[in-house]
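Look at the two complexes coming up: subunit A is in both, with subunit B in one and subunit C in the other.
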Partner chain A sequence: MFKSQNLSFEYAPHDSNPPPLTLKNINISIQTGEFVAILGHNGSGKSTLARHLNALLTPTEGTLWVNGLDTKDPASTWGIRQSTGMVFQNPDNQIVATIVEEDVAFGAENLGVPPEEIRRRVDDSLAKVGMLAYASHQPHQLSGGQKQRIAIAGVLAMRPSCIVFDEPTAMLDPSGRKEVLSAAANLNKEGITIILITHFMEEAAVANRVLVMEDGEIILDGTPREVFSQVDKMQALGLGVPQPTALAHKLRQAGFNISPTILTIDEFMQDETVKKILKGQANANN
Partner chain B sequence: MTRITVGNHYPTGSILHRTDPRVKLAGTVLYVTALLFVNNFLGFILAAVFIAALIKISKVPPRLIFRGLRMIFFMLVFAASINIFFTSGQNVLLHFGIIRITTEGLTLAAHMIARLVLIVTGTSMLTLTSTPIQLTDGIESGLRPLKVIKVPVHDIAMIMTIAMRSIPNLSEEMDKIMKAQKARGAELDTGSLTKRALSLVPILVPLFVSAFKWANELATAMEARCYRGDINRTRMKEMKMNAKDWAAAAIMLASVIAIAGTRWVI
Partner chain C sequence: MQIIETKNLTHIYNKGSVFEKIALDDINLSINAGEIVALIGHTGSGKSTLIQHFNGLLMPTLGDVFIAGDSTGDKTKLKSIRQKAGLVFQYPEHQLFEPTVYADVAFGPTKMGLGQDEIDTRTREALKLVGLTEDCFEKSPFELSGGQKRRAAIAGVLAMRPEVLILDEPAAGLDPRGKDEILSQIQKMHTELGITVILVSHSMDDAAKLAQRILVMERGRITIDGSPTEVFSQGEVLQAIGLDLPQISKLMNRLAQENPAIQKGVFSLDAAAAELLTLARKGAEK
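Here is the complex of A and B:
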């Protein structure tokens, strides 16, 4: 799906006093159908990388291929943007039309899809995100989570093979976050590649691969278990780990023999040592 | 969430709501033009009957239409007084200092009021029975012939759509900023007029900043969804005139001609 070779990027490359590179020598390969979470500090370059994935930005040096198409080739731009959709952070700043279904249709209209087919896709996409009942509502009267689902439906109507989410839940309340995250997970089950940029470790734990960015580079790349089991390193980066993982780590430091690969509350509760602790049978160092 | 609605569309599903917006737009323009021709009461009565029939067909509650009239009430009073007090004429009814009330003045004032009321009710019929998007689409499609002389019709319609989209955003943002400034001790609704005007500055500056940020992010989101002007663009809701639309167009045209024609009848 995506493959990059020595991708580097700097904003304003023609400045006489060039700012430091925003992306440095990135080599990644992401397969179709993966669910990848990207973590990193503010300013580590996550959004900049995301915008490369659908040719909103192109590498200053190196190359990025999307489904084999070079993003630098202007002839490929529209094909790439069709196959890789984007959902942004602020729900209010990505809705174009004043009626929900009109907004969902916007992308497909830009692609020149015939009207009856657009109608079908719009209904289909709205159903997939559970918003069909709101088709003729005005977007600004919906909740944040609903607006984000409208944005997802708008991308779906373009029939993409990948959706990049740039902190889609940052401005939402917990229930809105759940709505958006489960919509993303469902789409992944249908075979759509999901790239999820987030500051919430619990959200990243749902992915099947985690990339950690720091200062324009990818410094960790692995399954959530591999990445989050490096508790000390993640905490040194100021990123932290999911709460069950952190708790298990603390208990292990206190001498309890708990698995280092715990990610979720369920896994934590299933751990043999935890069960013993809860029954009052466990001591440190056994 | 805000309760603001964009435009004053009032959906009832009536046949007037379902009529092609281009017919309604053209009808409104012709109707307003016809009213400018009218110079006797027969014409105004005819126009009033026409509008009353439309209101009945549209099933829009008349109070919504009168609400629109309330907003122009002072304008009506002002325009009428000028006509009553300052029209010169032969048939003086009352003379008081520089004020002369004449029959001609009274007639002119009555015409003026009738004309304004009929124009406002007519145009609000248009906005009550069409969504903003239908109107912009109607304008885009109705003005398409102007593309030949290089009028950027699509761009104008897109600008109108986005401007409408921005209204709830801006008002929400303004509300937020005002609360933030009040929390810092800004006094927005006390003091002299100049003081109040000056206190708007710390609201308008952040409002502009956020409007530009909004526009910038929206533009990125539009590009991400493959927007590139009207190159190769289709529409989900294509506008097609069906038999009913043509019939409606014919009825509107006939009515409008009849209204304007009264000028030459009496």
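Here is the complex of A and C:
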């Protein structure tokens, strides 16, 4: 789906005093159907990379291909933007219409999709994010989580093969976060590639691949288990790990043989050593 | 000494119209000087409505609010109340407007009509309290990072030397490092200045890190009022009203179901590890 070769990017290349590279020599390949979480501090280059994935930005050096199309080729831009949709952080900045279904139809209308087809796509997209009942509501009366789901439906109506989420839950309350995340996970099950930029380690843990960015480079790339089992490294980066992983790590440091790959509460509960501790049968260093 | 007291506080939006909504329903609350209190509840539970009563931005439909003994209904006291209770809104960095960080922080004291020396003293003191160094003073607020901007905005309120600092979602939308920075600064301000801090948050983890007392709001009422451990041991109640527990409390509550010797409601990583290690040690002694 995405492949980059020596992708570098700077924001002001013609400045006499250019700021340091925002992206440095990124080589990455993402397959169709993957669910990739990108972690990193503000300023690490996550959003800049995300904006390359649908040609909102193009590489200063190197190349990025989306489904085989070079993002630098202006003739490919519209095809790329149709195949890769974006959902941003602030739900209020993404709503353009005064009625939910009109908002969802906006992208598809601009692609020149025939009206009957738009009708079908809008209903279908709203159903997929569980918002069909709100089709004729006014967006400003919805909760943050609902607004984000409308934004997702708007992207879906363009029939993309990938959706990039740039911190979609940062401004939401816990129930809104759950709504948006489960919508993303469901779309992934239907084969849509999901790229999720997030600061919440628990959200990253549900992806099937995690990329960690620092200073414009990808410094870790692996399954959530591979990445989060490097507890000391993640903590040194100031990113942290899911809490059950952190607790397991502490107990391991105290000499208990608990699995280093625990990510969730359920996994913690099922660990053999944890079971022994609960029964009062565990010793350190066993 | 009570710094904030509400008596039968009720607030009704759009009273008498079809949109009438009871936002606060007979709230009796007292907060002592020097407390650090977290106010938790999901969107629409009344948190923001409540804090806007604390500095007289909203007036009770019924009942009274007293700040350091003065009723917010007393117009002659309103100015001093607003100076005593400093309110930092959500995303306060959107409200930075002066050309330099220094000028932005000096705005409040200037409007209070203080002398030039006093303005300078307070501005520097406030910037120092939030950990912004001299080299930031003459920068444009827009040159700062997200976390720094937010701290500059908080400094603007601190420069007015409030007795109560009310922060609405101070950590929302920041990356993990920015979040840690802001929360530890708040902690530090509380210790160093001895001021009362009221923190509104969706995040149980943030509340758990800072607060000595947690108030849970639901449908305009305060439904739980207690220490973090007391509140977090009531997992079912919180989840029934759509609130999440800190991950560690969730895990510890699950473990406590297996072994009642484990204390419910534990919320910090260190306390959780200590609890499990004690249990293991007791088992080994048997």
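Just so it is clear, the second predicted complex is superposed on the first by the 286 of 286 C-alpha atoms of A that agree within 3 Å, B and C clash if a C-alpha of one lies under 4 Å from a C-alpha of the other, contacts with A are read in each partner's own complex, and residues count from 1 in each chain.
One rule holds for everything that comes next: a residue touches a chain if its C-beta (ideal position, glycine included) is under 8 Å from a C-beta of that chain, and two chains touch if they have at least 3 such contacts.
Predicted model, so just to flag it, every value in this text is computed and none were measured.
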Partner chain(s) touched by A:A37 [first = subunit B, second = subunit C, both, neither]: neither
Which of subunit B and subunit C A:Q94 touches, first, second, both or neither: first
First (subunit B), second (subunit C), both or neither touched by A:S143: both
First (subunit B), second (subunit C), both or neither touched by A:I262: neither
Contacts of A:K279 with subunit B and subunit C, given as first, second, both or neither: second
Subunit B versus subunit C as contact partner of A:E202, first or second or both or neither: second
First (subunit B), second (subunit C), both or neither touched by A:L211: neither
First (subunit B), second (subunit C), both or neither touched by A:G112: first
Subunit B and subunit C contact sites that coincide on subunit A, given as residue numbers: 143
Complex contacts: residues of subunit C adjacent to subunit A: 42-44, 145-147, 172-180, 202-203, 242-244, 246-248, 250-251, 254-255, 258-259, 262, 269-270, 272-273, 276-277, 279-280, 282-284, 286
For the subunit A and subunit B complex, residues of the former touching the latter: 54, 56, 78, 81-82, 85-86, 88, 90, 92-99, 101-102, 105-115, 118-119, 122, 138, 140-143, 154-155, 158
Subunit A residues within the subunit C interface of the complex: 41-43, 89, 143-144, 167, 170-171, 173-176, 199, 202, 238-240, 242-244, 246-247, 250-251, 254, 256, 265, 268-269, 274, 277-284
Contacting residues of subunit B [partner subunit A, same complex]: 1-6, 131-133, 161-162, 164-165, 168-169, 172, 213-214, 217-218, 220-228, 232-238
